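Shared chain: subunit A. Partners: subunit B in the first complex, subunit C in the second.
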Partner chain A sequence: MQAANRQIFHWMPVVFVLFPILILLGAFMRSVQGGVLPELEGWFYPMMTLHGVGMVGLWYVASMAIVADLLTRYVRPSPVVANVALWGTVIGVVLLLASVFLGRYAAGWYFLYPLPFKGEWPAWSNLVFLLSLTVLGAVWLVWTLDLLRAIGSRYTLPQALGWHYIAGRSEPAVPPAILIITISLICGIAALVSAVILMALFFLEMFAGIANDPLLMKNLTFFFGHTIINLAMYLGVAAAYEILPHYAGRPWKANRVVAIAWNCVLLIVLFAYFHHLYMDFVQPGPLQYIGQIASYASAVPSTIVTLFGALLLVFHARMRWNLTSILLFLGLAGWAIGGIGAMIDSTINVNVRLHNTLWVPAHFHTYNLAGLAFLVLAYFHHVCQNATGLPENHLLQRASALTMTFGAYGVFLMFYLAGAYSVPRRFALYPAELAHGTSYAFWGMLCALLFLLGFLLYLGETGRRWWRAVAG
Partner chain B sequence: MRRLTLLLLPALLAQATALAAAEMAPPPATRAEARLEGRAVPDIPLRLADGHERMLSDLGQGRTLLVTFFYRRCAGVCLPFLEWINNAATEVGGLGSDYQILALSFDEADTVADLRAQARVFGLLENRNWHFAVTDQAALADITGALDFWYRRQGSSNQYDHGSLLVAVRDGRVIRALSGGPGQTQRLRELVWELRGRVASYYAVDKEPMLRCLDFDPRTGALRLDWGMLLLVAPALTSLAAAMAVFMPRRHRPSLLRSKS
Partner chain C sequence: MLTRLLKWLFGVLASLALAGAAHAQASADSGRALFEQLCVACHSIGEGERVGPDLAGVTQRRDEAWIERMIREPDTLVAEGDPLITALVERYNGIIMPRLGLNEAQTEAIMAHLHALDSGVATATAPAAVYATPELMPSQALVWRMFLLISAVIVLVFAAVAFSTGRPREVSIARAYGLRRVLFLAALVAVAGVLATTLPKTPYAAHGNAAVTEVDRIIYVAARQFEFIWSDEPIVSAADVGRVPRLHQLAIDSGSTVEFRVTSLDVNHAFGLYGPQRQIVAQTQAMPGYVNRLRVRLDEPGEYPVLCIEYCAAAHHRMRSSLIVR
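Showing the complex of A and B:
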C-alpha cells in the first residue's frame, strides 16, 4: 500500500466534481438542439463556452497531474509549484465560472478574435474570462517548467529525448514515459507561451486600444489550443506506457523505434495546428500544406508504435483485467479511433467539406472522452487501488467501463452521422432544412446521460477508494 | 518622477501607435458594396465611341467587365476617377486578357463625339479594351437603378451631383463593387488583382493592426511576411531555449547508475 499524501489525491476531487457537471452541460446543449429544452436556447452558447474550456482545461490539468505523479518515481518535482498549480487552477476555474454564469460570456472555447469584443455580454465578463485564462496559462507554464527542471536534474536532454536509442545505444535505460513527457512538456512550453502572447495582445487592445490582426490572433489561438489538447493526449499515453506493463506482467521498454516515433512529435506537432486554418483564404498556401503534412507526421508514427506496442504487450500475456487495465486499453483504442477521425478531417480536400459540420466535435470528443479521459480515469483508479488495496468488485468495474464506453460511442456516433449528413456545428436550434440534426442531438443527449451513469458507477469504485485513501 | 515617466512611456507609445494606426486605416468595405454583389445587371444597348451599337453583354465576351459611370462635362470627380482606374489597370496589368472596362455616361447631353473626345484625353481612343458609351434614358434608368447609382442635376447648371461607383460584372451579375472616391487605391488594385485570378491574401480590418502576419503590396502583387509572424515563431524558439536552459549540464549531476543505486 502506498502513502496517500500525494498531490494526485488533491487533483482527483477536482475531476470527480467538475467532470459530471461538464457532462451535464454537454447533455444540456444536445437537449436544446434535440428539441427537449428549446426555451433555454439563450444559455446554449454560454454553456458551450464553459463546456469547451472546462473540458479542455480539466483534462489538460488532469494529465499534467498524473504525469507529475508518475514522475515522482524517477525525479523530484517541487511540491510548492504543484500546490501553486492546484490553487491557480482553482482560481482560474472560479473566474471562468463567474464570467459565464454571471456575465453570460459566450465567445466559445476558441474565443476567436474579435468575437470577445463584439458579443452581447458585458465587457467585464470578457475581462474576467481572459483573466481566467491568464491565470491558468501562467501557473501551468510554471508547472511545466518545474516538471522539466525535475527531469533535467537526472537526465541530460539527449537522454530524456532518447537520442541514444536512435544512435543505436541501449544504455542508459530511459523509461518511455520520461521520453514522451519530456517531448510533450517542451512543446507544451511553446503552446503556453503562445497563450501568453495571445492574452497580452487581447489586453493591449482592451486597455490601450491597439488593434490586432485577426489572422495572427487565430494562428496564436490554435497554436495554443490545438497543441495543448494534443499534448494532453500524449501525457495520458505516457501514463499508459508506465502502468499497463504492471497489468500485463511484461516490461514496455523504450527502443530505437519508440524513440524515433516520439521524436517525430517534437516540434512537428507545433505545425499541426495549421489544419484549423484551412478555411482561411488569407493564410498562405504553403502553411496549409505544412499543416497537412505535420498533422500526419506528428500523429501517425507515435500512434502506430504505441498501439502495436500495447497490442504486443497484451497479446498472450497473463493480463490482470480490472478497471485500470480495461480503461487503459479502451483509452488507447479511443485515441486511435479519434485519431483516424482527426486525420480524415486534417486532409485538405476532406476538410473543406467537413470543417463546419459536427464531424469536428465527433473526432475531438472521441479522443478526448474515450481516449484521454479513459487513460486519466485508469490512472486514478490505479493509484487509489494501490493506496488502499480494497477488494475489487469486478462486476461493478466492468459495468462501469461498459456503460461509459457505450455512452461515449453513442455520443460520437450521433456526432459522426450528423457530420456526414452535413449538420453544421454550433447551431443552438436547427432550422427546418436541418431537422435531421434534431434526432441525432436527442439520441446524443441520451447517450451522454448513459455515459454519466457509467461515470457514477466508476465513482462508486474509485471514489470510494479515494475517500478511504484520504480519510484513512 | 523618472520612474513614473519610464512606467508611463510604454503606455503612451502604445496609445500613440494606436492613434496613428487608426488614422492610417483604410475605410472598411461599405454595406452598400456588399449589397450589390450577386445582383443582376440588365443587358442594355450601348452606343460606343466608335459609333457602333452593342449590347452590354457583348463587351465582356466571357471575361469580367468593369463598369463605371461618368459624364463629359463633369468638373468634379469623374475625370480623376477614370484616371485612377486607368492607372490601376496599367500598374497591375491584365487589361484585355482578364477584363475590359466600360465608362458609361449618365448625361443625356453626351454624344458619341463627346465620348471620342474623352477617350482621346486619356489616350484610350485606340484601346479596344476601354469602352466609352452612352445609352438611352430608359436603359440608363434600368442600369443605374439596378446598381443603386444615384445622380441628380444641380439646378440649371450642366453639372450633376453624383456618387462614384465601379462594379465588376461577370455573366450578368455583379461580382465586386467599389464605391467612393479615388482615395481607395489599395482596394482598387486588390480588385484588379482578383480579376486577374489571384486572391490577395489581404483583408480590410476596422483599425489597422500594429502587427500583421502578412502584408500585400497591391502595386506589385507581392505578398510579404510581416513582423507579426515573429510572434508565431517566438513560442517555438522560447520552448527550445527553455529546454536548453533547464537541461543545461551541471557539474555535479549524479550519474544514472549512481542515482539508481
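Showing the complex of A and C:
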C-alpha cells in the first residue's frame, strides 16, 4: 500500500504536533504550582482542562489508529469511515480549543456534573465543549463499530473472542491482537454509549431544564472515562502482541490461557470504575466492594499472562533492539508500575488517604506516558522504519528512549511523593502548610521539559522517516 | 481645682479614646480573622481580581452602607435589582456572592478590617507562617515504601530480562509455564489475603450500622463555592444559611468521635480533613442533594486544616477551613 494512502501516516502528524503542545501545557501547570509562573494562576484551570481532555483524547485516537493499521493485515476496515474519524477528531479538537481559549472553559477533563453549569466561564463555552465531546464521541463510536464490522467479516464473534481456544481447539488461528482488539472495542462501545447518555442528559438540562441526579451523572462519567482510557491501554498492548515477536524472533500466539485471561478482562474491567466513587459514601455499599475486587482481579490476567508472556518472549531471545523494541519493552514496564500505583489506590481504606491527592495523576501518568504513549510511539517507528528502511542511528534512538524515560519517571516520582504527603491534585497553588508541594512541582516541571527533549529526539528519528515515507 | 478637673476630664477622654481604639483594633483583628476565613477565597487586597473584585480601596470608592449590605445580604441586593451589584454580577461572569450568614457585630468587624487596610494601619495578610516538610505519617510511609519496593522489583525483573538477550539461547517453555502457574497461585493468594485484610476496614464498615449514640458530636458541613459552612443543624439549601446559625470557630475535645454530615449547596466538593502533621486523616465527598456521613475519632490535639479536594472552579485551591482539637 502506498504510504500516502495508508491512514496511519495521516494520524502520525496529529500526534507529532499535538503531543508537544500538550506536554508544554503540563509543564505550564507544574510551573504555576512550582512558583515559577504564579501570576498566570488564572489560566491554570483552563489549561488543566485542555491538557486532560487533550491527552486522553489524543492517546485514545492514537491507539485506535495503530490497531486500525495492524488490522489491515487481516481484515478491511472502511477507508471512508477512517477519514470521517480523522476529520471528525480534528473538528472536535477545534471546538475544544475554542471553548478553552476563547471562553476560558475550565470544568476539567472530568466535566463533573453540575460544575459545567456553575463555573466562572460563559454558558456558550460549556455548550461548545459539550458539542466537542459529542462530535468526538459520535465519530469514535462509528469508527469502533466499523472496526468490529471488519473483524466480523472474517471471524465470528466466538472466534474473535477466542472461545474455541478455551474449548481446547486451536483452529482457526486467531492472532492475539484480534482477540484483545475485539474485547477492547466491545468495552469501547459500552464506554461511548455511556458518553452518549451523559451528553443527552447534559443537553436535556441545558435546553429543557430537566435537572439530573449528581450521583447518576458521576457514575456515567466515570464509567465512560475509566473504561475508555483502559481500553486505549489494551489497544496499545494488542500492538505489542503483534509486533514484539518480530524483534524477538519468536512467535507469540493465542492459546487457551491467553483467551481465558482476556475474556476475564472483558468481564472485570467494566466493574472496576466503581473505585472512582469510594469516597461517595452514598454510593450503594456492594458497588464499593465490587470496585475493589474488580480492580484487583483485573490486574491478575494482565500481569500473569501478558507481562509474563512478554518477558518470556524476550528472555534470552536473539533480540533486535531498536527504538521500537526498546519503547515496547519500556511501555510494558510502565504499564506494570502504573498498575501497582493503581492497585494501591484502589484499596478502599488506602484510598481514604490518597483519593484526590497527586497519587491519582501519578498512577495514570505512569500508565499513559510510560505505558500507552511508549507503545504507540513504538508502533509508529516500526511502521516508518519498515516503510523507509533507513539506517538506524542507535545512539540517537537510545538517547531518545532514555531521556524520555528519565524525564517521565521524574515527573511520576514527584507526583507519587507529593501524593504520599497528601498534596491535593488540581490545586493551582499550594497553601503554606503544603509548601513542600511547590518544590515537588518545580522538579516535576523540569522533568517534563526533559521528557519533551527526549520526544524531540524521537521526532528526529521517527519524524524524519515519516516525512520520507509520505513525501518519497 | 480647675486644673484638677481638666486633668480628670482629659483622663476620662483619653481612656475613652484608648478604649475606642482598642475596641476598633480588637474589632479589626476579629474582622481580619473573619475576612481570611470567609473572603480571601474570592477577593484579594491589591493582588488583582479573583473570582470577585479586588477590594483594595473599597471603603474609599463605595458607600459604607452599601458595603455593609453586601457583606450581610448580597442576595437581597440582587433581588432588589441594585444597579451596582447587577453590573458586578455581569462583569464577573454571573457569579453572585452568597449570603454568608453574618450578624451585625461580625459585619462591623469586617468593615473595621477593611477600613484598617485602606488607611494603611493593617496589612493585607498576616505574615505567612513557614512550614517545614513534615514527617510522613506511618500509613503514608508504608504506602510509599510498598510502592517503591514493588516498582524496584519490576524494574529489576525487566532489566534482568533485557540483559539476558546478550546471551541468546533456547528457553524451556514447559518450565516457564510451570513458573507461571506458581506465580498465578501466589497472586491469587496475595489478592485474597489483601482483600480479606482490607475490606473489613472500609469507612462504610466503620459506621454503616453503628449507632449514633457512639458519636460524641454531630457537625453539619455544607460546602459551596468557595467555603465550608459549619453548623449544629442541617443546612440543605442556600436559604438556610441566614436562618441556621453558623459556627465560626470549631473546637473539639481530644478523644471525641465526631460525625461530620457533609453535603454541598452547588457542585461536588470534597471535605479533606488534614491533621496536625498536615496529611489527610479522613475525607469524604460533598455532593449536592446527598449527605455523606464521615465518622472520625480525633485524638491528637492541634489545628486540623480542612481543604476542598474535589475541583470546584476558580477558587478551589483557596477553599478551606479548619478546626481545633484541644
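Here is the rule we use: the second predicted complex is superposed on the first by the 467 of 472 C-alpha atoms of A that agree within 3 Å, B and C clash if a C-alpha of one lies under 4 Å from a C-alpha of the other, contacts with A are read in each partner's own complex, and residues count from 1 in each chain.
Keep this in mind: a residue touches a chain if its C-beta (ideal position, glycine included) is under 8 Å from a C-beta of that chain, and two chains touch if they have at least 3 such contacts.
What you see is a predicted model; the values in this text were computed from it and never measured.
Put subunit B and subunit C onto subunit A via the superposition and say whether they clash or fit.
After superposition on subunit A, which the two structures share, subunit B runs into subunit C.
Contact-wise, after the overlay, does A:A191 reach subunit B, subunit C, both or neither (first, second, both, neither)?
Only subunit B; A:A191 stays clear of subunit C.
After the superposition on A, what does A:V282 contact: first (subunit B), second (subunit C), both or neither?
Both partners.
Does the superposition put A:L215 against subunit B (first), subunit C (second), both, or neither?
Once the two structures are laid over each other on A, A:L215 reaches both partners.
Which chain, subunit B or subunit C, ends up touching more residues of subunit A in the combined arrangement?
C
Answer with first, second, both or neither: which of subunit B and subunit C does A:A420 touch in the superposed model?
Only subunit C; A:A420 stays clear of subunit B.
Once chain A of both complexes is superposed, is A:Y45 in touch with subunit B (first), subunit C (second), both, or neither?
second
Of the stretches 237-245, 255-263, 273-281 or 309-317, which one in subunit C hits subunit B?
237-245
So which bits of subunit A does subunit B touch that subunit C touches too?
213-215, 281-282
For the complex, give me every residue of subunit C touching subunit A.
51, 92-93, 95, 128-131, 133-134, 136, 139-141, 143-144, 146-147, 150-151, 154-155, 157-158, 161-162, 164-165, 167-171, 173, 176, 180, 183-184, 187-188, 191, 194-195, 198-199, 201-204, 208, 225, 266-268, 270, 272, 274, 278-280, 282-285, 287-294, 305, 307, 309-314, 316-317, 320
Considering the complex alone, what residue numbers of subunit A touch subunit B?
Spelled out, the residues of subunit A in touch with subunit B are 145, 148-149, 151-157, 159-160, 172, 186-191, 193-194, 197, 204, 208-216, 219-220, 223, 267, 270, 281-284.
Which part of subunit B faces subunit A closely enough to touch in the complex?
Listed in rising order, the residues are 11, 14-15, 17-19, 21-22, 25, 199, 201-203, 205-214, 223, 228, 231-232, 234-236, 238-240, 242-244, 246-249, 253-254, 256-257, 259.
So in the complex, which bits of subunit A are touching subunit C?
42, 45, 106-108, 110, 112, 114-115, 118-122, 213-215, 218, 257, 279-282, 285, 288-289, 292-293, 296-297, 299-300, 303-305, 308, 311-312, 314-319, 321, 329, 332-333, 336-337, 340-341, 344, 347-350, 352-357, 416-417, 420-422, 424-436
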